[in-house]
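The following pair of complexes shares a single chain, subunit A, combined with subunit B in the former and subunit C in the latter.
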Partner chain A sequence: MILFDRVSFCYNKNQETSFILKEVSFSFKKGAVNGLIGKNGCGKSTIARLIVGLLEPSDGKITITDEFNAKPYYFSGMIFQNPDNQIVGTTIGDDIAFGLENFNLSSDEINDSINKAASLFHFENMLDIPVSKLSGGQKQMLCIASVIALNPCWIVFDEPTSHLDPWARIEFWKIINELVINKTIGIIVISQLPEDINRFDNICVLNDGEIYFNDSVNKFKELKSLPYGIEFPEGWKLEKLLEDEK
Partner chain B sequence: MFNKVKLKFRNLNPITKGFLCVIYILIFSFFCKSWQIGLVMNLFVLLSCLFIDEDVIQLIISLKKILLLLIIVAIFQGFSGNEFNYVNALSTIFRIIGVFFVATLYTKVSTQNELLYFWEKCFKPLKLFGVSSSEYALTMVIAIRFLPVFMDEIERIKIAQIARGAKLKTNSIVSAINFMPLLIPILTQAIMRSEELADAMEVRGYSTERPRSLYKKYSFGKYDFLTIFFTTIIIVVLAYIK
Partner chain C sequence: MLTLPNWVCKKEEYIAQKDSDYFITKSLLGIIRMLRQLRFHKQVKFKCSSSVGATILSIIIIILCACSHKSAFLLCISALLFILLSILDGKNIFRLLKHSIAITFLSSLVLFPAIYFYGNSTILLIPVKTFLILLSIGLLTTYYNWHSILDVMNKFHVPTIIVFIFDTTLRYIVLLGETAQQILYSLKIRSIGKNKQKSKALGGVMGVVFQKSKKMSEEMFQAMCCRCFTGSYSNLHKQKLTYIDFIMFLIGVIYCWLFFVLERV
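And then the complex of A and B:
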């Protein structure tokens, strides 16, 4: 579980008015797809950076506990929006190896983990293929494979589907659902796309530095109004209209 | 059989590769005083393409990227005296071509990990002065890593300009001047991109302070000795001629 306890954050310490997060408290649980939505610039990416430790909260506390596996360290991975800006290796194998090398593992352990992660994404026969030859969707898959190889407790996806075509999106969600069922890795997905909202189990809505809503999708559907800039998926709107007709 | 040898030479130890690159660039810069030696050395480099499985024709064609530079340098070198000095111009051209060939081949046969490995080793002595070698190596590798991305970016902006009705100028000096205003947005984007890359690397556990392991062991084999031996002979011969 990830627990935010009255967390405040501002990028500029000198300007006390510029708080991106104002004493927010909420939690994400494993075994479900946790969605985080909110309009542009409301601080979604900031929350992601706080979770993986790239940023420190100005005030308050973030606790990560892990009820499903006992690991010596709590490591959280993050997938950024643009795959081109996060691939480090020149070949698929190199890129998956990069993170493992950082943890100073032996080359046998590294090879094991590479093969495991590669087979999850059907990369096992492509380890020597240059990254530049991959399509956008494949690159995104490689980023995910590289993070999963590190065996993280949590993975935060920051707008992962915006670079994918509709078919690659379906593929992406298949993988996410498998991860959720296995319960070993907690999933947080930040997305702006209404069709992604359909896939969330829990939804957290961020608005003006505060949590506007944080509960299951069914409760979310019943909301009468949403903050400016966020919309229900079209399908839900139709459903609502049909219900109102009755 | 020969294919196997090719692969062996292509996969030399990264230190051998980096070392050879530096040595040959030095040879071209300081030893090639006459155009004859320059020509022979260039032919030698082209010949070595066969051993590392690189396309000779492609390499020669890629010279057109530095054509303008070659012409300008040739003119400056040639007109240094009263009349046009062919010998001077020719030997300078061969030196530039040589350095260009060596650098191109080096980046073609090296993966990014190999570059990182070599440069990290090179900058190691800096540690004595309290400078972290891996940080410099990293900067270098990020620069190399992003070069193709920038090229794509420039191409994209060019196409966007043409789509908005800009005339494509064939004259490279004019197009270079037209290109100047675009430099700022490209640089800004570059900085943002490398910041994101640095973040992504940090999330994946990269730290310049902690030790890293290497999953590919780079061995030092027969072929490494062979190439180094051969290079030494060339240096001795060149020194003798001089």
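And then the complex of A and C:
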């Protein structure tokens, strides 16, 4: 479980007005797809950075625990918004190997994990291809593959499907659902696509530095109004219309 | 019904004049393309050879080359380098020669006044030395991949921060080159016809590239930290010494000996 306890955060300590998060408290649970939504610039990526420990909260406490299997050496991985800046290898194989090499694993173990992760994303026969030759979507797949290869307790996906085509998105969600069912990796997905809301089990809505809503998707469906800038998926609106007709 | 205004229906009369953007395409894009090749070219792969011997040999040759005053010794070095060069395929030979000769030419242009006024044979050796040193670096990076060269630096206890800077800089050159290229293309697309201010825009392009590089380096470092990078390169895949390394050591020793014999004459 990831627990935010009255966490505040601001980038610039000298400016009182620059608070991105104001005493927010919420939690994410393992074994479900946790969604985090909010409009542009409301601090979603900031929360992701707080979870993986790249930023420290100005105030409050973040607790990360793992109910299912204790792996104290590696808690949370993150997939950044921009795939270009997080590829560190020159070839696909190199990039997947980077994190594993930092674990001091033997080369057999490393190769094993590389192959496993690569086959999830159909990269098996492409391990020697230089990353500069990949398309935007392939780069994003590679970023996801290289974090999943590390097998962390939690993965935060920061808009993971922004460069993927609709079919690749379906594939992505299949992989996510498998991870959730196996309960090996906790999943937090930051998304800007209304249709992704259907895939979430729990949802957290961020608005103006505060938590507007944090509960299951079924309850989210019953909400009468949403903050400005966030909308229900089109399908839900139709459903509501049909219900009203009856 | 919707009626279109007249000016929409008129036939296009504007014919864009040809503009010479030779300067931009040749200068910046050319440099970027060259830098890209430094890192991303096809590697010639040799089985069962580690880069330890080759890296040491290159360092020995570079040092000796820089210290040498005799053309006889430089000839010996060029013999070795040309043998190594001739094993490569045509494309790589062309690429290596092109870059080395281009940079040598530039450096000799800088030296030209000195040659003109104080022309003696030692100054004439400088362009030759430049050429040989560039060629040997080029050969090293062609024969071995970047990772294994980093590993050698590590073996000889070069401080990690230096290895890190070396490593990331070369990573970035490629990404930054791409950024600069994109900005330049968008500039070219937007300036149809004659545009006298195009070369003025270069300053802006470099400014944007610089800002981007800062952001990119921050983000890449964060991404590396997220994947458990602790700042040490202790886990590069280890290389075992092979007989080729010993042959390389031997060649190095022979060249040291040649250096002392030939320089004393």
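The rule is short, and it goes like this: the second predicted complex is superposed on the first by the 245 of 246 C-alpha atoms of A that agree within 3 Å, B and C clash if a C-alpha of one lies under 4 Å from a C-alpha of the other, contacts with A are read in each partner's own complex, and residues count from 1 in each chain.
Rule of thumb we're sticking to: a residue touches a chain if its C-beta (ideal position, glycine included) is under 8 Å from a C-beta of that chain, and two chains touch if they have at least 3 such contacts.
Model, not experiment: these values are computed from the prediction.
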Report clash or fit for the pair subunit B and subunit C bound to subunit A in the combined superposed model.
clash
Touched partner set for A:Phe75, first subunit B, second subunit C, both or neither
first
Determine, under the contact definition given at the top, whether A:Gly186 touches first (subunit B), second (subunit C), both, or neither.
neither
Compare subunit B and subunit C by how many residues of subunit A each one touches, and report the one with more.
B
With both complexes overlaid on chain A, does A:Gly35 touch subunit B (first), subunit C (second), both or neither?
neither
For A:Val52, is the partner it touches subunit B (first), subunit C (second), both, or none of the two (neither)?
both
Going by the contact rule set out at the top, does A:Gly43 touch subunit B (first), subunit C (second), both, or neither?
neither
Counting only touches as set out at the top, which of subunit B and subunit C does A:Asp84 meet: first, second, both, neither?
both
Is A:Ser106 touching the first partner subunit B, the second partner subunit C, both, or neither of them?
first
Thinking of the overlay built on chain A, is A:Pro160 touched by subunit B (first), by subunit C (second), by both, or by neither?
neither
Residues of subunit A that lie at the interface with subunit B and also at the interface with subunit C
49, 52, 54, 77-78, 80, 82, 84-86, 88, 90, 94, 98-99, 101-104, 107, 132, 146-147, 150
Touching residues of subunit A toward subunit B in the complex: what are they?
49, 52-54, 75-78, 80, 82, 84-86, 88-91, 94, 97-107, 110-111, 114, 132, 146-147, 150
Which subunit C residues qualify as touching subunit A in the complex?
39-40, 145-147, 171, 174-175, 178, 215-216, 219-220, 222-230, 235-237
Which of the residues in subunit B end up touching subunit A in this complex?
111-113, 145, 148-149, 193, 196-197, 199-207, 210-217
Touching residues of subunit A toward subunit C in the complex: what are they?
49, 52, 54, 74, 77-78, 80, 82, 84-86, 88, 90, 94, 98-99, 101-104, 107, 130, 132, 146-147, 150
